[in-house]
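So that you can tell them apart, the chains are marked A, B, C and D in the order they are listed, and the count of residues begins at 1 in each.
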Amino acid sequence: MTTASHALTGVVPPLLTPLTAEGEIDLPSLERLVGRLLEGGVDGIFALGSSGEVAFWDDARREAVLEAVTGTVAGQVPVIAGVIDMQTDRVIQHVRAAERFDLAGYVATAPFYAVTGPEEIERHFRAVAAATERPLWAYDIPVCVHTKLSPAQLLRLGQDGVIAGVKDSSGDDVSFRRLAAANRAAGSPLALLTGHEVVVDGAYLAGADGSVPGLGNVDPAGYVRMHRAAQAEDWAQVRVEQDRLAQLFEIVFQPTDKVGPAAGVGAFKTALRELGVFSTNVMASPMTPIEGEAVDRIREILAAVGLLDGAGARA
Amino acid sequence: MTTASHALTGVVPPLLTPLTAEGEIDLPSLERLVGRLLEGGVDGIFALGSSGEVAFWDDARREAVLEAVTGTVAGQVPVIAGVIDMQTDRVIQHVRAAERFDLAGYVATAPFYAVTGPEEIERHFRAVAAATERPLWAYDIPVCVHTKLSPAQLLRLGQDGVIAGVKDSSGDDVSFRRLAAANRAAGSPLALLTGHEVVVDGAYLAGADGSVPGLGNVDPAGYVRMHRAAQAEDWAQVRVEQDRLAQLFEIVFQPTDKVGPAAGVGAFKTALRELGVFSTNVMASPMTPIEGEAVDRIREILAAVGLLDGAGARA
Amino acid sequence: MTTASHALTGVVPPLLTPLTAEGEIDLPSLERLVGRLLEGGVDGIFALGSSGEVAFWDDARREAVLEAVTGTVAGQVPVIAGVIDMQTDRVIQHVRAAERFDLAGYVATAPFYAVTGPEEIERHFRAVAAATERPLWAYDIPVCVHTKLSPAQLLRLGQDGVIAGVKDSSGDDVSFRRLAAANRAAGSPLALLTGHEVVVDGAYLAGADGSVPGLGNVDPAGYVRMHRAAQAEDWAQVRVEQDRLAQLFEIVFQPTDKVGPAAGVGAFKTALRELGVFSTNVMASPMTPIEGEAVDRIREILAAVGLLDGAGARA
Amino acid sequence: MTTASHALTGVVPPLLTPLTAEGEIDLPSLERLVGRLLEGGVDGIFALGSSGEVAFWDDARREAVLEAVTGTVAGQVPVIAGVIDMQTDRVIQHVRAAERFDLAGYVATAPFYAVTGPEEIERHFRAVAAATERPLWAYDIPVCVHTKLSPAQLLRLGQDGVIAGVKDSSGDDVSFRRLAAANRAAGSPLALLTGHEVVVDGAYLAGADGSVPGLGNVDPAGYVRMHRAAQAEDWAQVRVEQDRLAQLFEIVFQPTDKVGPAAGVGAFKTALRELGVFSTNVMASPMTPIEGEAVDRIREILAAVGLLDGAGARA
């Protein structure tokens, strides 16, 4: 059996975690968000990813998120879950805690905090995969873990059935194309998803099987239309959709006093609040929400791409 | 007057500098290379770029290269020249030395060696542009200068007529798409060329006006075919050409004991020697040429993409 | 009340975690190690630091380590514990789990994995400090968390009673001296400990109150002698001790196929095995122990500094 | 013959280049600066270093600086000159241009701009050394060249007579101590100078033979006193001097809108103007001089360490 049968492809947004003013999981907002994604036609949902603020949740909160997400999604599409932590045994601890939920697989990064080399990375993924029957995805995100997974290592892990696919957030498109070409030459043991919201079109040309766009929380239908156009090889339309989504992505550059997820995820949450999907744009501690003129500029961008009408109500 | 009228678009390979066994400029090889590029249909030639080993030449050698290249090209296509150096006055010194040659413009990077901020970068490009009537291109190459040029700054320099275009070798495709979108919205004051050999297709979707591929020395016709297909919006063909060129690009990964241009430019020179275009694969001091099994693997790749026939003669 | 009263100074080694061949905590080895440290005259012990492989332990193992260490130390010297995790709430979770142990304080890093700015770092330390009555130490370790804590921020946190001290493993000695000078000028609200094994002498000149040397597991008496000499301002002797310890530190450069703690902590564990203190040099998963000729070279270095006699028995 | 006989030790400030309001070399200011250094007791002068703004000068200006400096110093102390450029042949070009001046040696960095590995670095230093009879110094400055020279490579180059010494501006004090220990064990083929103004005391403990402090332009006598105290092993006095110089070094942190030499060298030039040594604080293009409140704060620091009296005149 190859892992390819497990493969989840298409549009798989990394689900945001809406919070109440008190910082608790906001279930009504979560239900509206999931509804919006399903209505938009997404192929799956990635819970507890970086956009879901996974790094900020303690273990109890992580379980509460999985409980809420799997309960809300209720099997309508596959849900995969991030098991993000520093090193192997901690990742396996998260796998064990998640086994009781209805999940289609796990997503793990290379080890971080302690410096590790290729040997440790190889043993890490093999040990995590051995701890579960469910498919494992490799999450290549050097901006967070400060290690780049090599195409050769990823392909070997795929061929050995250790990982089912790769979520590429490396920003290294040369590496991604090399991986895509090598994967194709090897019979496509890996499903390849890109996490870069504004160059998904190029990733499709390179051979991506889908995308995991944080911005897909804000406009799932846009990413689904782009994916359908790519499958139909209607590249002119792919480009039109991508250009529009790139315009929308400018929301993350509006806060001038924030970096990292406080800016990016903060902008997504703010947009969803303005669109009436979220009740607040509250962020996990120690982050604070976007306020002031940046909110106005986010509204203008939402209006410019047709998500918000001129009067400010949801279009 | 806008700088747009100066704009050079299409395929503009960064010309390699062939050397004799003694390390002198190899004019017969240079003539064969230029002939190959012109026959392949390139739109221009970029002399003294990183692929031309500009960093390694002393001033006399730089002038000798410009003499040889402009003499060989002889006006058949526009030639632009790198004026790469650490800081403003040194760059202007190179501009002055190059004014006597038939050149269509200059290419300068952000300052390097001494750490500089946005204010200095802005003054740098303005001072270099003021030193010549010819168009100036900004060369965005953080791997060499350790500074990334921001889309906002590049666009402002374009709108003010300081720079005519950008050669993007940043590897930051998110930034490139943002620049392309902002440039379009501003009436396209900048010509945008990408230097990333294996993701040119995605750059075309994003809005690139052409490419500056080092690998274009080895297969100019392939890059020209891709450009023509992009202009015709025949994206299926663009992808076919790009995938083949990505396969060819694997030559740069064959030397396992070299990094930087000793590997990349070294692989291009070795390929051209095996193709009968260059007499040697000699590199500028302190680099040494690729030898041993890596040469065999480069030959295999050349054969696999149809540049070399099975018997080893040029296809 | 100022936090200064909590301050732990002098030699506070980051305790290694000895393992059995099966990867369980090796209590007899731990007892021998603690005995060696106390006999050497250390002023405190830092459990669950980077040298203690904290990043590799799941929560249950972390508690088991604290149980074993506090049980073995049994109040003979103060024990502080690392509460290392990605973001605020996870760190607080570790604080809560550790409150039942006899600890003199906690050690936390800046947030990591998710990119954060100074605002978040400030809120992070304040929130962790608010979660406990015990003193909090800031652990400045950019090689792991990829953020450098600024002297100004550390001093402000000290003056506000948020942190009691700093463990500096930044490798930025300019920053350390600036912090030491500013701290002195402010009445020394912070205790300053350096983690850089081979330049502790310079740190003492700069104003360090002590050290947290991983190598102190191997030769606690050497670090204690250096500290006593520094207190007596016998700098010639400080230098003699430091030079000898720097010679011993060469053990971490002997494994040529490992990086990070697999090399550094691995060398400490190997040395302690060769010295008869540890039963094995087993490392936390996914790391593997040092083997082969590197072990011989480590023995030679131990002999050269007088820790191992010529016949290989403990000197 | 070993290179050790060439060795220049003690205090060797990297000479600033004073400019007139029009940006020309300001000879009267240069004479005052050299007089101040000689009066302070320096052991040598390093012209065309990073603090001398070498990266900013074109070739004609570099020669003019050497002409002015060697003419002004007039053999009173040895002068060594930076031959800083991207790659080997360019560095040799600078050596050739400098041979006519009265110089005691050259200072070269690892290659930069183009990425190079250890093999190229080794060949680089050997080729530069072969181009002159004069001693060659290796300048280890990763912040500018983005490569760290390894202790093992530096020692080998020293033992082979390729380099006479090292100017260490790496900020890696662990590496510096390893180099110092290995150098001593090998019979001290290398003279070791540190460039880190505020931790020179620790470098002396580690085994430095002297310092190359940019701040030594502002207070040469302070660095000379520290060096004499270190030679006398009067470490208490070394520390007093170092702490005072660290307080003075705070001038470089006063400009809040500048980075790199625009801040650091800019602060030195501003201090020397306020001290009446320089006529202006003009910087090389594209940098601008420090203005506004930062100048006031620099004056306050100069006064605090006793270089400027309360009325603002030179103390």
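Heads up, the rule we're going with is that a contact is a pair of C-beta atoms (placed from the backbone, for glycine too) under 8 Å apart; a residue touches a chain by one contact, two chains touch by 3 or more.
Because the structure is predicted, anything quoted here is derived from the model rather than measured.
Student: Smallest number of touch links from chain A to reach chain D?
Tutor: The distance in steps between these two chains is 2.
Student: Chains in contact with chain B and with chain D: which ones?
Tutor: Per touch definition, common to chain B and chain D: zero chains.
Student: Which chain's centre, taken as the mean of its Cα atoms, is farthest from the centre of chain A?
Tutor: Most remote chain from chain A, centroid-wise, comes out as D.
Student: Counting only Cα atoms for the centres, state how far chain C is from chain D in Å.
Tutor: Distance between chain centres, rounded to whole Å: 35 Å.
Student: Averaged over CA atoms, how far is the centre of chain B from the centre of chain C? Could you give it in whole Å?
Tutor: Result: the chain centres lie 49 Å from each other.
Student: Listing for chain C: what residues touch at least two other chains?
Tutor: Answer for chain C, listing residues that touch two or more other chains: there are none.
Student: Pairwise, which chains touch?
Tutor: Pairwise, the chains that meet the contact rule are A-B, A-C, B-D, C-D.
Student: Of all residues in chain C, which touch chain D in the complex?
Tutor: 171-174, 177-178, 181, 196, 198-199, 201-203, 205-206, 233, 235-236, 238-239, 242-243, 246-247, 250
Student: Name, in rising order, each residue of chain D that touches chain B in their complex.
Tutor: Residues 50, 53, 55-61, 84-90, 92-93, 111-117, 119-124, 127, 143-146, 257-262, 284-288.
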